[in-house]
Structure formats: C-alpha cells, structure tokens
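In what comes next, chain A is part of two complexes: it sits with chain B in the first one and with chain C in the second one.
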Partner chain A sequence: MRMFATIAKLLVKRVLTAIPILLLVSALLFCILRILPVDPAAMSLPPNATVQEVEAMRTEMGLNLPLYQQYGIWLNKLFHGDIGRSIHFRQNVTSLIGSTLPATVELALIAMVVATVFGLAGGLFLFYVRGTRAEAVMDFISILLLSLPEFLWSLFLLLIFGVFFEVLPFTGRLSPGFERPVVTGFLLLDSLITGKLSTFFNALEHMILPCLALGIALSPSLMRVLRSSLLDAYQDDYIQQARLRGLSEKRILIRHGLKNAILPTLSLMGVQFGFLFGGTLLVEIIYSYPGMGNLMVDAIRNADLPIIQGAGLTYCIAVLVISIVVDSLYLILNPKLRVR
Partner chain B sequence: MAIPSPKNPILSAQNLCVESVGAKESFPVLTDLNFSLEPGKILGLVGESGAGKSMIGRTISQYLPNGFAVTKGTLAFDGEDLVSMAAERRRSLLGREIAFIPQEPLSGLNPVLTVGQQIKEHLLRIGLAPGENWRERALKEFESVHLPHGAALLEKYPHQLSGGMCQRILIAMAFASRPRLLIADEPTTALDVTIQARIVKLIAEMQKRDGTAVIFITHDLRLASQISDEIMVLYAGRPAERGPAKQLFSAPAHPYTRCLQLANPTITGPRRGLFILPERMPGLRVLKELKGCRFASRCPNAIEACTRTEPPLADIGPNHIAACIRTEKTPDIVPPPLAPGREIASSKIHLNGEKLTKAYTTAWSPFAKRSVFKAVNSVDFALGEGEFVGIVGESGSGKSSLARLVVGLDTPTGGKITLAGRDVTANGNADRAYRREYIQMVFQDPQSALNPRRRIGSIVTQANEASGLHNSTRERMDRAAELLKEIGLPPDAAMRFPSQLSGGQKQRVNIARALCTLPRILVADEIVSGLDVSVQAQLLDLLLKLRDEHGFSMLFISHDLSVVRYLCDRVMVMYRGEVVESGRTETVFADPQHAYTRSLLAAVPPDDVNAEWSPVLAEAGYQVE
Partner chain C sequence: MRPLPLWLRSGRVQTGLVIIFILAVCAIFAPYLAPNDPNEQNLLSILTPPVWVDGGDAMFPLGTDSLGRCVLSRLIFGARVALTVAFTASIGAMIIGAFFAHVAGYFGGWVDWVIGRIVEIWLSFPPVILSLILMVGLGTGLRNVVLAIVLVDWTRFCRVLRSEVIVLRRRDYVSAAQLVGFSHWRTITREILPGTLPLLITLMSLEMGVAIIVEAILSFVGMSVGSETAAWGQMIADARQNIYEAPFNLIAPIFAIFFAVFGFNILGDGLRRTLDTRLTQTERT
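The block that comes next holds the complex of A and B.
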C-alpha cells in the first residue's frame, strides 16, 4: 500500500514539475525558430509573390506583433491542440505527428524489448563466465558490438537478410497490396484489433530488421552495466550470507544478485529509451520507415517551422513521460527509495 | 570443570593447512591447525586482524577467497571431511546443520527483499513440519530471539531496521534449523556495547537451548573469555595458545595472549598503562622464510633461541597448550607505568557550548505534517586547554551530530558556541576561517577519509592548500616529513598512496592531517573503533604523546567506555541528544549517577573473568530498541 502511495506522490510531484519544463521548452522552441532568418510568411506564398503580398500575409499571420504576443497566441493555440499548418506538406501538424508518432513509438518499444532481451542475456552470460578464458573473448565481442552504431547494423542487416538472402522486407511498414487499418494509429495493435492477422505478420516482418538494428546497437552497454552491477552486488555480504545458508548459485543469482543489479541497468534503459526517439532517425531513413524521424528530416530540410516545433515538443513530452515511468519502476524495485 | 566428556566432537581439525596458492609460489595462511569442538561447547577464536580467524570459518564453508586452498590435513564435521566432501553434500549441510552469523548485520540481509521474503526462503529450504505455515514458524523463531512485533517485521526491509534487530533476525534464521554447529564471525563488532551484550547473551541462550557447538570469532579477548568454554588464540595463522577460557584469561601462558590482554584498557579498578605491541604481525612472505617463533619479533621475552626453531604447542596444564619455550616468563610482562595525570587549568576554556541544539525538520510534503527531530538537545559543555573530553553513548545518541556542530560542518538551530572567546554560532564565512585555525576533525574511517589518488605527503599537508600559506612543494614536503616523524611513520611514507599502508598507519596519517596546521582542538569521531587492540593502544599513546608536545585539547567520541576511561580527563554521557551525565572520567565510571550510564557500564564485559556479567539491566526507559 505504501508503495502505491509513494508512487502517487511521485506522479503528482513529477507532473507538477513537468509543467514549467514544458513551458520553458516551448518558449525556447518558439524563440529560437523565430530568430532563424527564415520568413514563414514568404515561405507560405508562391516564389513570385510581391512584397505587398508578403506584408499582407505577415499581418494576417500576426508576424508583426511583438514576440511575446506571438508566443501567447501560439501557446493558446497549442493548448487547443493546434500547432499550426505545415508549410511544406500543407497539412495540419497535429495530424502529421499523429500519423507518424505511433510508428516511431512502435519501433522504439520493440527495439527496446530486443535490447533488453539481448542486454540481460548477454550481461548474465558475461557475468557467468567471469574469471574464465571465455570472459576475455566475450569482453572483446561486447566491446566490438559497442563500437558499432545502429546505422551500420541497419546496413549490415539490410544487405544480409534483405538483399542477399531476400528473406525479409526492408522498406516501409507494409508490403504493397495490404490495406492499413486505422483505429489507434499503432499498426500492430490495429491489425490485431481488426482481426487482420496477415496484415499483422506483414507489419511485423517489416519491423524485424529496423528493430534488430536498434536493439543490437543498444544492448552492449546494457550487458556491460548489468555485468558490472552484478559484480558489485556479489561483493556484498548478503550474497555470501545466502551461500552460507546453502542456497543454490542459480537462486542466488536470480533472486538476490539480479534483483539488486537490475537497478543501475534500469536507469540506463530509461536514458536509452529517451534517446531512441531521436535515435530512430537514421534507421527510419535507411528503411524508408514513415515515422517521426523521416518527418523531422523533411521538416528540417524544408525549414518547416511548425513541424520542427511540434516534433520538438513531442520529444520533450516523451522524455518526461519515460522518466516518470522509469522512476516509478525504480520505486517498485528499490524499497530504499520509498519514504519510511 | 574441565571434565573430559565422552561425546564425539562435532568439528575436528587435524593438521589443517590453508595456503594462498599463487602462480609461482604459495604462502601459508593457516598452519597446523588442530582442535576439536564438542557439541554444546563454545570455542572462542581470538587474534588480531590477519591472524586467520575468519579463514577458519571460510574453510568450514569451503567458500575460500580466490587463490586459497586447503593443502594439508582434514577438517571433519561429525566425522565427515568437509574438504573432500562433494560440493552438493556440503551445500546441503550449510544453513541446516552448519549456520553462520555475519559481522555486518545490515549488509547480511538483501536490501531489496523484505525480511519476510528472506526468512520464508530460508524456512522453505530447511523444510517445515507437515502442515506448518512458514509465517507462524517465522513468528515463533522471532519470539525465541526476543523480537517483538514479529508480524510487522515481516513486511519491513532491512534498511528500516536497526543493526541489532537485523542481527536478531539473522540469529533467528541461523537457529531456525537447530544447527549442530554455528560460526559467529565478529557478530557484535558493528553494534553498540549495550546491544553487543544482548546479542552475545542471546547467542549463548540459543546455543544452550539447542545444544549447538559454536565457534565465536572475536578480536576482543575479554568478550571471548566471558562467553567461551575454550579459547584459541591465533597468531599469524597458527595457534599460539589454547585452553579453558577462564584459565587462559586469568593466567595466560603465551606472551602474545598476555600482551593482547594488557593492550586493552580496563573498565574497573585502577587505571594502568597499555602494553604497546610493537610493529605488526609478519606478512605472508616473511612468514614463509621465518625459521623461529613467529611472534619473536614483537615478543618482549624473546631470546636468541626463539629465532631458531618454531616452538611446538606444548602442554602446560590440563587441556591447556601454548607454543612458547619460555611460558614461565610470561607473567613477568607488565604494562608500562601510567603517564602522570594532567592537571587541567580549567580557567582557560577553549571551547564552550551553551544550550546547543540541532533540530531537523522533515522535508515539506503536501501529504504529511512536518515533524521535528532534535539530534542534539540543549547541550552545555566546556573544553579546557589540553583537556581530553570523551563523549559516550549509543549510536543515535547525538555524539556525531554534536561533533559536526563543533567543527562547523553543521550550523546549530539553537544555543551558542564560543571558540576562544569568539561567538561562532552563526557559522558565517569569517567564522569558518577562524574555526579552521582552531579546530580540526579526525574522521572515523581512514579508508574513506583519505583520498586514494593522493600521496601521503600531500594528504597530510592538505590544510596548507586552504590557507594558501606554506603551500610550495618544498615547504609542504618539509612539513610532511615532520608530521610523519611525529606520528611514527618512516619518511618514505610521504611518497606512498593510502592503499600501501595498513589500517593503523592510515589512521595515523588521518591524525597527522588534522595536526598539520597545529590546531588547538581536535575532534575525533570513533577513531580507534574497528582497529586491533594493539593498534588501538599505539594510537591512544600517540595521542597522549602529541598532547604533551603540542598541548591541544580533544573531544573524543567513542562507544568504547574503557578507551574513554584510559584517555579522557572528563566524560559526557549522551542519550537521545541530551547529556545525561558528565564529570571527571574516574568519578563517573566509578560511581555513575544516571541509570543510563549504569546500563552502559554494565554492558562492558568485566575485566575479571570470574565476575558476573549481567549486561541486561533493562532499566526502564533506557532500552534503545
């Protein structure tokens, strides 16, 4: 019971602190992008527009009001879910993000699951072979993996499984001919909800390579942190005491060692997951995956300010949500953090 | 009393040798260990750190540190050799037939599991009676170790409990299987005196209930003689003396036993000087080359013959053996005369505290009312020039909080501190600078108080960095050489790193650092706890010698009453943030007025082995747990 109370307290506290953070980030986003030498009015008109037409447009868009007033207007619209219209796509930013965000979330979540599975298994194995010759080999391999970035993995996997063996698709989210069901925006979920199993498996196939690339790239650091936290935990008396009570090594590892060693690993996972939102970018481009990453690249290339602002805010909210989730998990797993 | 019983020994060692087996050469860690332990008996293992006491426990469990192995001899549990036994068979004995109680109760329990989860795991492994519920059984076991509120305890995590409670839980777990052998490795070293007494009594009580044989490992000879039937004194991995506890303690035959006894200050009777065991126990490498008696280099009775051959363990009485060729000379070892007492010029008060208070208020939260906890509550004290004042009390009594107020690490929430005539209560920047010249602190744990990446020479002259005076390399090296000479370390120690020094040497460095700018007052927080008695005696005399040379005064915080009695002119007894009694040390200890002081004193094992030790006075209201 106490645990839930503590988590509730944490949630309230974190949500309250999130408000000023979001305001600050929105102000920053707004100011920086307004300072850029890009004129949104000129951009939303055809190239042959006259100076008068641009001026009229500026007045219409409110661009000649003082900056703080512009921010106020922008913020007010933001509260009503209106981040403006994309200059390049001529579409509402909210709906653009709404259609690409679920794709990226799906990608990041599954990549994180892959990273966790590989990371935990690898970390346990690294720990298990400690002090043997296999450790040196595993150590070498884990450092090698650590030094390979996700876009290299993307290219390797694409070449091997996509081009050479031709066993997995490597562009987009669905093969041509499949219809996209739209309920929540999450493709895997939607295809299950609508009962279209073939669509589900097709989408899953498309996700294997990008998720593997991201997951494999993230896992070595998890492995190494888990291994070293396990080594730390095994220095503690309670491990020795558990042995002296005659518990089996397996039980000591899982119930006593891992339960303590998982904590630093968990905070690293939180950081990585936050990072994944920006980190899917290259992988999305390589696999032509229609997520936030691709949207961002297009927006930056075209200096599409509303999208950049929208994406920036989305990223900020995502990181805040993730850190609240990780901290709650931390409270569940680490009783020392709970208030007495 | 020493009637040989016909019982079979539960544990017996024959010519047991444990060596550290290196790639090129191996070093003996335990040599020719012979003993047998009968059911229901307590064997006390005594010696300085590094003597191999804990190695015996590790050998029994066969969880030896990496690179160590039994190379000779047998260690039989109930007739079965533990060393050659299959690992699975041995593991099935551990926790059921052979139980362990650790040194650090707080870290002996897993921090992320509740007490209930841990005791359940253990009870299910050792097996419950048919139809028995683990929860009922756990509560029954808690009751037998006098733990109240057992049901609530099951939901708690270790960090929510005190060290004494954790140790009781570990004892309850250890005795849950009614083991036939129990190894208690310094089970009370990390605990307060009052709790130490209760825990020791508890182990004895449980041991009697189940007829368990116990190996009680401790560095405290006095404590061992109170609880044990037989004592084995280990020196550098080999028994120096073994005999019935009372006999060994009242008439030690081996000079080492005698020296250990005399190195420890007394708690009753006239104060006497401390015997200073010189240097240190020989290291593994030296031991291997050594021909004669391993204690010869430190022995006050050593003659030329002692360095030729290792003396055998010879009978010197019923069931009493000692490895010394001159046991008849052992009683001749006497402590040095006590340094003449100092008359304190109480007119010259250095430091004065009036109604000093430190209150902590819990952090603001919308969910709970803020509460106030007074760590130090309206304490009055004065420290005269050249005076050593001891502060005693259990953990949580506010000793360390008071020290932090005195040195200015914390700012008091009430009252007044005057330092050499200046009011420093506000603890502003000017006050701090003023304070730094007058007061320095010596911290408890030299391991963490010394920066491992700095050389000793730079550590001891650290104070010069803050003042900016005498901060050139030349000046600092010169000052370091002086300081090292004063604290009795060789000059080349200046170039070493803390990790290259022993625990006692590190604590000397810690003292030297505080002395660098010649402060008028030292505040020492538990600076000899956790050290061997021999090292403790060296440090206590060093402090007295330094006082003679420099005339500083000291606030000496300690939970060890006999140390305070030896060192301090006056004593303050603290209980829950308040000073309940203070006065001249001898007067307070000889005729304590406050019930709390009486219960603290009663908790110390008496000097006289035949005296009744009734530590648990249970005076109403003075139970910390």
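The block that comes next holds the complex of A and C.
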C-alpha cells in the first residue's frame, strides 16, 4: 500500500514538472518555426492570389498580431485539442497525428522489448565471459555494434533480408490486398480483435525488420551498462557472503547480482527509450512505414508548419511519458528509494 | 628514443587514430584522390556496378549512381562534409556544454538549478527530431548543420561533466585555491578544468562519431548540405531508390559512415580506459 502512495506521489510530481517543460517546449517550437522565411498565408492560397487577398488571409490567420499574442491564441486552441489545419494535406493536424501515432507507438514498444531482451542477454553474456580471452573479443564487438546506429541497421537488414534473400517484406505495414481493420489504430491489436489472423501475421512480418533494427541498435549501450554494474555489484561484500553460504553461482547472479545491477541499467533505459522513440523517424522513412516520422518529414519538405509543431510536441510528450514510466518502474524495483 | 605516452600505447587509440588519419587524408586530398569529378553526370552510364562485377567500368571503380556520378569520388568527397561537421560541431558542443557544466557544478545553488532545468527541457526532445526542427528554422547548408548539432548536443557534455565538476569541487586543493584568494575563473580553469580534461577529451571523441551520424541522417532526409555537395547520407537516399538495381551503391556509404564512427568510438573508448584513472580501476578488476 505504501509503495502505491510513493509511486502516486512521484507520478504527481513528475506530471507537475512536465507541464512547465511542455509549455516552454511549445513556446520554443512556436518561435523557431515563426522565424522561418515562409508565409503560411500565401501558402494556403492558390498561386494566383492577389496581394490584397494574401493580406486579408494574413489578418484572418492572425499573422499580423504581435508574436506573443499569436502564441497565446495558438496555446488556447491547443488546450481545446486544435493544433490547426495542415496547409498541405488540408486536414486537421489532430486527426493526422491521431492516425499515425498508434503506428509509431506500436513500432517503438516492440522495439523496446527487442532492445531489452538483446541488452539483458548480451550484458549477461559479457559479464559471463569476464576475465577470459573471449572478453576482449566480445568487448571489441560491442564497440563495433555501438558504431552502427538504427539508421544503418535498418538499411543493412533491409539489404540482407529484403533484397538479397527476399524473405521479409520491407515496405509499409501490410502487403497489398490486405484489408486494414480500424478499431484502436494499433494494427496488431485490431487484427486480433477482429479475428483476422492472416492480417495479424502479415503485419507482424512487416514489423520484424524495423523493430530488429531499432532494438539491436539500442542494445549495445544497455549491454555495457549492465556488465559494468554487475562488475560493480560483485565488488560488494554480500556476494562473498552469499558464496560463503554456499549458494550456487546462478542463484547469486540472479538473486543478488542482477537484482542490484538492474537499477543503473533501468535508469539508462529511460533516456535511451526516449532516443529510441525519436529513432523511429528514420526507420519509418527507410521502411516507408506510415507513422508519425513519415508525416513529420513530409511536413518538413512542404514547410507545413502546423504539422511540424503538432508532431514535435507529440514527440516531446511521448518522451516525457516514457521517462515517467521508467522512473516509476525504478521506484518499484528499488526499495532504497521507497520509504523516507 | 623516448617511450610513447601511456595513452598512445593503447591499441584502441592507435586503431582510432589510423582510421581518422585515413579519413583526413581522403578529405584533404579529395581532388587528387578521386578518379572523377563527384558532380559530373554521365547519363549514358547510370547505375553501373563496381569494377569487379560483370559490366563494371574501370573508369568508375565502385560504379555510378542514378545520375551516372562516380560513387568512389562522391565517397571520397563526402569525407570532407563528414569530418568538417565532426570536428567543428563537437568543438562547439564541447565549449558550450563544458562552460555550463563547470558553471553549474562549481557554483551550485540556483545557477545549477536553472542549468539543470534547461538541460531537462532539451532532453525531452529526441535529438533527431530537435535537429530536424532546428534545420527547418535555420535553413539548409553546412554552417547550419554544424549549428544545429551544437545546439542539440551540448547537453551531452553538460550532463556528464557537471557531476564530474561536483566531485572535483569538494577536493582539498580546490578549497586551498579558494582560500589563497584565486578568482572563481582562475579556480575553474587552473584547478578544476585539468581534472575534467580527460573526460572532456573522451566525450569529444565520441561526439565526433555522433555528429557524423546526425549529419548523415540530415542529409538522408535532404535537410543538410545542398545537392551540389557530396555527402554520405545523400548517397544513401539516392541508392535507396534503386536498391534492386544497384545494392552496392547502398553498401558503400553505409560502410563509410560505419568506418568513420567506429574510428571515433574506438578512439574514445581507448582514451577513456587510459586517461580516466577512476574508471579504469573498476574496469580492470
């Protein structure tokens, strides 16, 4: 019961600090994009519009007001769930983000699982081979892996499994001919709810390469932190004590070593998963995956300010949510932080 | 002959330096090394395979891209953009990050609080997204790419160095300097900075690798240097369009980026092991 109270306290505190951060970020986003040499009014009118028409549009869009007033109006609309209309797609930004965000979240969540599995397994293996000749080799390999960002992994996996061996699909979320069920927007979930198993497996096939690319790219840093925290934990007396008590090495590792070493790894994960969420952008472009990253890059190419602002803010919220979730997990797993 | 300093005797540092030296030679002497003009289009021989494959042309050792430009030449010239960004952006990010880290760690109190909150705001943005948005605001071009990377990545230095400064500030020799009446500036530069320098150099080496990746990402989505300058990310974007016809065009720039980033990473790792005395004690046991 007490644990819930402390976690609730942490949640409240984190959400309260997230609000000023988001306000500042939104102001930053607003200012950076307002100094752009593009005129949203001229862009939303046909090219043959007269100067008077553009001027009228500017007044209508509020572009002649002072910057802080424009920001106030924008913020007020934001609170009412209105981030504006896309100049290019002629659609509400909220609905554009609403239709692409689930795809990105789905990608990021599965990639996080992949990263965790690879990171933990690799870290344990690195620790297991400590002091042997294999350690130097493994250590070298982990630096090698560290030098391959998700961007290069995506291309690399695409070349091997998509082009050379042609075993996995690498464009979009579904093969042509599959109907997309829409319930929640999460494709894997939706196809299960509607009972379309063939769609589910097809979608899963499309997820394999992008998720592997993201997950593998993130895992080496997790591996290295887990290994060094395990090494640190094994310096402590309780490990010797456990040995003297005659516990098996496996039990020492799982019950004593890992339990303590997992904490630094977890706090790194909070930051890394935030990066991972941003990394989906590149992976989405490479795999033509219709998520927020593709929306964002399209918007950037078309100088579509409302989408850039909306998507930028959404990425920001996602990172804050991830870090709050990881911090709560940290609290659940770390008894030292629980009771003051 | 005098023995080499400890850090230069590390195999990792040597490997890293050799790789960076090779890249630097490519970048500096690009016009002499490249077999062709990197921007010359040979529309009659587009997407030719590398010379060792059937149909390869000795004139284009690594083949040509979709506009018939020499892949090898573009690869060599691409090293210029990559290295320019790596050095200038990491120096810029280091200066800003180290400055704020030392100020925050040394003075503590509200100064530390304010800087800490600014870093927190920065960290709530995924770096890729923030640099893209900055590029939208700044406009494309080499100088703006460097600026965007500096503005995004200074926090990497700030976060790590700050905690190091806090440890050093509590040392007796720092208190001694303060008692003797050294100014704050002099205490920071003469007493604390020498202590943070090893970490700073290591971070810089790693940051160079990060900068190369970010530049490649930006030029991949067409938000870096203009199309008239050869850059590795652009080559990847071009090759992605013709992946079935010319898969090798994709492999070449991927390898170049990997090679460069690996060089900086292994250098950084070697420096960390040899320069940072506190880390090596736990690492070595």
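Basically, the second predicted complex is superposed on the first by the 339 of 340 C-alpha atoms of A that agree within 3 Å, B and C clash if a C-alpha of one lies under 4 Å from a C-alpha of the other, contacts with A are read in each partner's own complex, and residues count from 1 in each chain.
Keep this in mind: contacts are C-beta pairs under 8 Å (C-beta built on N, C-alpha and C of every residue); 3 or more make two chains touch, one makes a residue touch a chain.
Predicted model only: the values in this text are computed from it and were never measured.
In the superposition on chain A, contact is made by A:146 with chain C only, not with chain B.
Residue contacts after overlaying the shared chain place A:27 against neither chain B nor chain C. Comparing chain B with chain C, the partner in contact with more residues of chain A is C. Of the two partner chains placed around the shared chain by superposition, neither chain B nor chain C is touched by A:65.
Within the superposed three-chain model, A:236 lies in touch with chain B and out of touch with chain C [touch as defined at top].
Once chain A of one complex is fitted onto chain A of the other, the partner contacts of A:244 are limited to chain B, with no touch recorded for chain C. Of the two partner chains placed by superposition, only chain C is touched by A:159; chain B is not. Within chain A, not a single residue is touched by chain B in the first complex and by chain C in the second.
Of all residues in chain A, only 21-22, 24-25, 28-29, 32-33, 35-37, 143-144, 146-149, 151-152, 155-156, 158-159, 163-164, 228, 231-232, 235, 271, 274-275, 277-279, 281-282, 285-286, 296-297, 300-301, 303, 308, 312, 315-316, 319-320, 323 touch chain C in the complex they form. Those residues of chain C that touch chain A in the shared complex are 120-121, 123-129, 132-137, 139, 209, 213, 216-217, 220-223, 236, 240, 243-244, 247, 250-251, 254, 257-258, 261-262, 265-266, 269, 282-283, 285.
Of all the residues in chain A, the ones that touch chain B in their complex are 5, 9, 12, 131, 236-238, 240-248, 255-256, 259-260, 333-336, 340.
Here chain B touches chain A in the complex through residues 61, 63, 66, 91-96, 99-100, 102-104, 107-114, 121-122, 125, 157, 159-160, 170, 173, 365-367, going by the rule given at the top.
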